[in-house]
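I am attaching a structure below and will ask some questions about it afterwards.
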Amino acid sequence: MSRRPWYREYLKGLWEENPIFRMLLGMCPTLAVTTSAVNGLSMGLATTFVLTSTSLVVSIIRKLVPSQVRIATFTMIIATFVTVADLFLKAKFPAISKALGPYVPLIVVNCFILGRQEVFASKNPTGRSILDALGVGSGFIFALTLLGSIRELLGSGEVFGHEVIPSWHPWVVMILPAGAFLTLGFLVAAMNIIEERTR
Amino acid sequence: MRSFRGGVHPPYNKATQDRPIERVSPPERVVVPLSQHTGAPCEPSVEKGQEVERGQKLGEAKAFISAPVHTPISGVVKEIAPHPHPVLGEALAVVVEGGGEMEDWPRGDVDPDSLEPEEIRMRVREAGVVGLGGAAFPTAVKLSPPKSIDTVILNGCECEPYLTADHRTMLERAEDCILGLRLVMRAVGAERGMIGVEANKPDAMEALRRASDGEVEVVPLKVKYPQGAEKMLIKALLDREVPTGGLPMDVGVVVQNVGTAVAVTEAVRDGKPLIERVVTVAGEVGRPGNYLVPIGTPFSYLMEVAGGLKEGVSQVVMGGPMMGIAQRSLDVPVVKGTSGILFLREVPPAEEGNCIRCARCVDHCPMELMPTLFVKFAKGERWDLLESAHIMDCIECGSCAYVCPARIPIVHYIKLGKLKVRSLK
Amino acid sequence: MELLLIFVAAVLTNNFVLHYFLGICPFLGVSSRIETAVGMGLAVIFVMTLTATVTWLIYHHVLVRFGLPFLEYAAFILVIASLVQVVEMFLRKFSPELYRALGIYLPLITTNCSILGLALFMVLREYDFIEGLVFGIGAGIGFTLVLTIMAGIREELAFADLPRAFRGAPITLITAGILALAFMGFSGLIRV
Amino acid sequence: MEGRLVVAVSPHIRAEMDTRRVMMGVIVSLVPGIAVGVWFFRWHALALLASCLAETLSAEALACILRRKPSTLGDLSAAVTGVLLAMVLPPTLPFWAAFLGGVVAVTVGKQVFGGLGQNIFNPALVGRAFLMAAFPVLMTRWVAPGPKVVTAATPLALMKFDHRATPLLDLLVGKVGGCMGETSALALLIGGLFLVLKGYADWRIPLSYLGTVAMLGSIPWAFRPDLYPSPMFHLLAGGLMLGAWFMATDPVTTPVTKVGRYMFGIGAGVLVVIIRLWGGLPEGVMYSILLMNAVTPLIDRYTVPVPFGGKR
Amino acid sequence: MNPILVSVLSMGLLALAFATILAVVNRRLSVREDPRVEAVLEALPSANCGACGFASCRDMAERIVKGDAEPGACPVGGAESARRIAEILGLGEVEVVEKVAVVHCAATSEQKVKVAEYRGVTSCSAANLLGGEYACRYGCLGYGDCVRACRFGAISMVDGRPRVDVERCTGCGKCAQACPREIITLEPYDRERGETIFVACNNPDRAPAVRRVCEVGCIGCRMCARTSDNGAFYMDGNLAKVDYGKVYESGNWDEVAEKCPRKVIHSTGRVRMERAA
């Protein structure tokens, strides 16, 4: 695994190991907060922060942790950084913090953060782990922002709050749960088609 | 009127029901397959070049579930080789060349009450009698049930469209039917004899009633396919359900086709082996009708006898249109199970649509099964799930495929599924 | 009456999966067979009930008492992780079949957001102990209900001739979307 | 004998009813309902019908092209979806919205599941549920029947929010506000009876569905007739007739077992009464059917009949 | 009290409490599992393809450890995984003969004589119930059950008969199981030259019967049996067969193939060599 050139560790997270489109992990925040592009982006950034910090710590202490309690340890580390992120958002960006609601603390249980620790950070040196985390995080940000943009566009005719389609009749359903499921379903299918074509 | 649940009402097309049975003069060459019955094929008991007399045994039944075969004509054994077979595709057959006109077999005399059951069974077995309804199960085996039997049912339903051979047999040979029934009752020790006839054959019922002197019950049944399926018949007549995977004898019943009853009579009374049978030839031929045909007569010969083909025949079916077997060529011979030969013009379309889950198949299944599941699992190749869906209980009557609006060949999927289920065991 | 409202809301109107998007991972992963879905659902109901009880006690009697509510995430996740591990060992001992069927998803209950979400919502909405318990059971039943319905649908879809790109997760998500549309019929049944 | 013989497994004859005829039967039996709709809502109704049909048909054709499958327009199922969708939309709905509904109905409701026979939910209802969630305002803007556009509430909404009952005769004839094809209970009943008597659909679901609604609906009415609607009102108002005869009988999305079909009808009936009496929405027929569609696989699975000769 | 101290203390106490519970429960409820199962599972490809006939790789691993399955039972993992599993179980070296699928019918749809119009389920097993549309009762039915059975995309239908891509064939045998006429068999290949020689016909009938149904079937002329230098070809009734015990020692099998008047002795073409290594 470590024979790969270093930049591959970053790039693979964008597509082959994209947590949303390829590995289908971390769906809960993806669906919940992507009512707008901004929310999706913020959630992606918060998650990437937690992921990268955790990977950093885990890769540093990876030899010290006995394997029986590794999951518990990783989880506690994640929980710590999530608390940090949550408090930071509450203090500096109260509006976003309110919009994301309980889904910030729920980053704790985002499967792919733990997953990255299991399959990567606990087995690889610090530098590569951070690259890996940043790559996967970027992939996550990409997915969330894309999903958020589509839902915002159809839901209100805007993207990042800017009017894109004038006098658009809003599709209320897009900001409802049903819209989230449907959009992500079609998006994953579209990614499957792209994957098949490019292979 | 008595009946069963489910079933269908296909158009009956029984145009030949008024045509009396006509004897066919034998061809110069007959092909007698050594396997014309359910069970083990018999072994040839003649050699190439040997001269044989009409009625002489050509193949000996060595296994318990088997039946010997006899030559319908006098002549010389030309070869013993694989030959096209209407059911098996290809099977070992004895070819006899000879010919000449066929005379009536000399009639004997018998009192059914004076014969020992064992004697009846022995004569039936030696004569090679098998069920003439289509399944061709050796009759002698059915006459030795390991369970006690209280009722013998003669099956005179003939619920398949087109076929009228049984109808004519009941009409013209009512006395032989009744005698056959009494012989079977004697052989299995049953007290009660019944004949179930679909209500659309009042003349046949009348003839049977007259011949029976009221000793056996002739019961009219609702005109519905598959009234003539054993299990449906027993349900309708006695309101007994043969348990799944079971046989009629599990509910104390033996069922025989009316044609078989006549064959039993001939075997026991006259010592005549099963060398000819009544075949309905119907559809696109010059002279459709009911013919008494020597076993081993090629379909092509019979076709000529019946006046030759009309335009546009695209399918030849042995048996009825609901359960019969489509033939690849007319080189195949008439066998003991050949109840009819149909020359059909119209063929169901080849295109199979998507199942729309309309459940017509479920509603019409006389066995109360779920054909939807069979198709679903067979298409998904989940052979493991088929058995628990009770596929082995299916009697392949074809009611489901008949009513399917999507034209799915359901019976084909079922046959395939059964094959796979058996091979998985 | 209040309790009934909480219960119905948790099961139908504000279903964890279809409304809050909690527990999507197991919802996508374990919904391919009905038996497994029911097993998973029962495990979740069990864990949710326990979680509701234990986290309520810990939050109110430990964290609040010592003025440490900022520790709630860490404390809750600790509780949940331990509970799940107990359930896992329990199943392993007494129902190896179920253990094998649920496979890797048992450890995933730890990271099942619905469990942590339950604890967080309970605190957020300031439920008392009994309310929390009812909420936990309701949420678990709601999760199981949707999971089982989905498993039924997916067992059917396993035999369908789906377009290739839609096989697996996409069709499951789309089905969930339609299910969410259908569940909107319950809206207004309870005002939360 | 010219050419080769055809070999196929029995049966070698088939009944005349095929998928196309079944679908045609549905369309024919919808004619009275459509006729009344067109009579009351004039060109609105026709335009709605045209745009829904155009879109379901073109979406179906496009899906077949994309999937490289032979065209399935001939089986008329897309046409049925289009007609049904038009009938459950408010007559004043803008065409582009009806158009969108048609796209969603055929693609999301049907083609992504693999096409005819494989969809889990009734496509027309998926289209409507989507529109309902997307444009709640447009989808609840009702007009009174007649040449002039006059805003009017549906009988169910009047009942629910104002406790005002509409005369039953008006419900029967259809002189009330509502979706294009749902207003006249009588026309739908005639069509529905035709559908069932001609064997295009099974009678078990409409019977158990309507029966359950009538029975459950009469319980609260017996206690508080001033507050709750009568069972007759339940039966005749809103989309129940349309739903029970034409949506809940869609074979694809309903159980195949006989017991299952009763269960489907009863379940849908219970849901309708619950939503109508206690839900936030005045009408629950669409949701009741969609929800029962969702549990249909489970119903089918647990109601497999015991075969002939099996232990009962 | 200092909040940091309190946090540390309370979290520590909580952790301790739960650790104790877990420890107790662990002891009470522990299940002994064979560690070798995990090890064997590691050595398997984890494709869960089912080619071996077991429910999953884990299922197979458990059975291998129990002794219900051979270490070499995984057709996909091949020699490498068999070697590792044998090592784990302490069985030493296990010989795995590598094989590829060969098709004993090479007639195109034009070369086979067609006698019927087939209507029904488009699969070989289904068509075989009715005999299919071709006259030959032994030849390929042409509906591609083998193609669908192959999980590695190694078989495709070309001109109405299956063609095996030996590069992709893993020798798992699924195609052979799927063929209702048993036309496909697995045969070893020549390790030197990396190809498999086989007779592309399965019809045991005599020459006239074969000629009636097929343009390219084996007519039982014995030419191969006569020209082979070491008896690597023999006649099974009227059908030529290859003796794989001898054929790759034979010096002239390509010459024999050349001499066959019906050209039914075929070679698969080169099998990827690293599979042999």
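The first chain written gets the first letter, and so on, giving A, B, C, D and E; residue counts start at 1 in each chain.
The rule we apply is simple: a residue touches a chain if its C-beta (ideal position, glycine included) is under 8 Å from a C-beta of that chain, and two chains touch if they have at least 3 such contacts.
Source: prediction; values computed, not measured.
Path length between chain C and chain D in the touching-chain graph (shortest route): 1. Hopping across touching chains, the smallest step count from chain A to chain B is 2. Considering the contact criterion stated above, the chains in touch with chain B and with chain E alike are C, D. The highest number of C-beta contact pairs joins the chains B-D. Chain centres here are Cα averages; for chain B and chain D they lie 48 Å apart. For the pair chain D and chain E, the distance between C-alpha centroids works out to 51 Å. Taking the mean of the C-alpha atoms as each chain's centre, chain A and chain D sit 41 Å apart.
Here the spacing of chain A and chain E, counted between their Cα centres, is 42 Å.
Residues of chain B found to touch two or more other chains are 314, 326, 328-329, 347-348, 354, 409, 412, 415. Across the assembly, chain E contributes 115-117, 119-120, 129-131 as residues in contact with two or more other chains.
In chain D, the residues touching two or more other chains are 3, 5-9, 108, 112, 115, 118, 130, 133.
Interchain contacts (touch definition given at top) occur between A-C, A-D, B-C, B-D, B-E, C-D, C-E, D-E.
Residue ranges on chain E touching chain D, taken from their complex, read 114-120, 129-131, 133.
Residues 18-25, 28, 70-74, 77-78, 81, 107-108, 110-113, 115-117, 120-121, 124, 163-166, 169-174, 176-178, 180-181, 184 of chain C touch chain A in their complex. Chain contact summary for the complex, chain B toward chain C: residues 354, 376-377, 379-380, 382. Residues 169, 171-174, 176, 178-179, 182, 189 of chain A are the ones that touch chain D when the two sit in their complex.
Chain C contributes residues 158-159, 161 to its touches with chain B in the complex.
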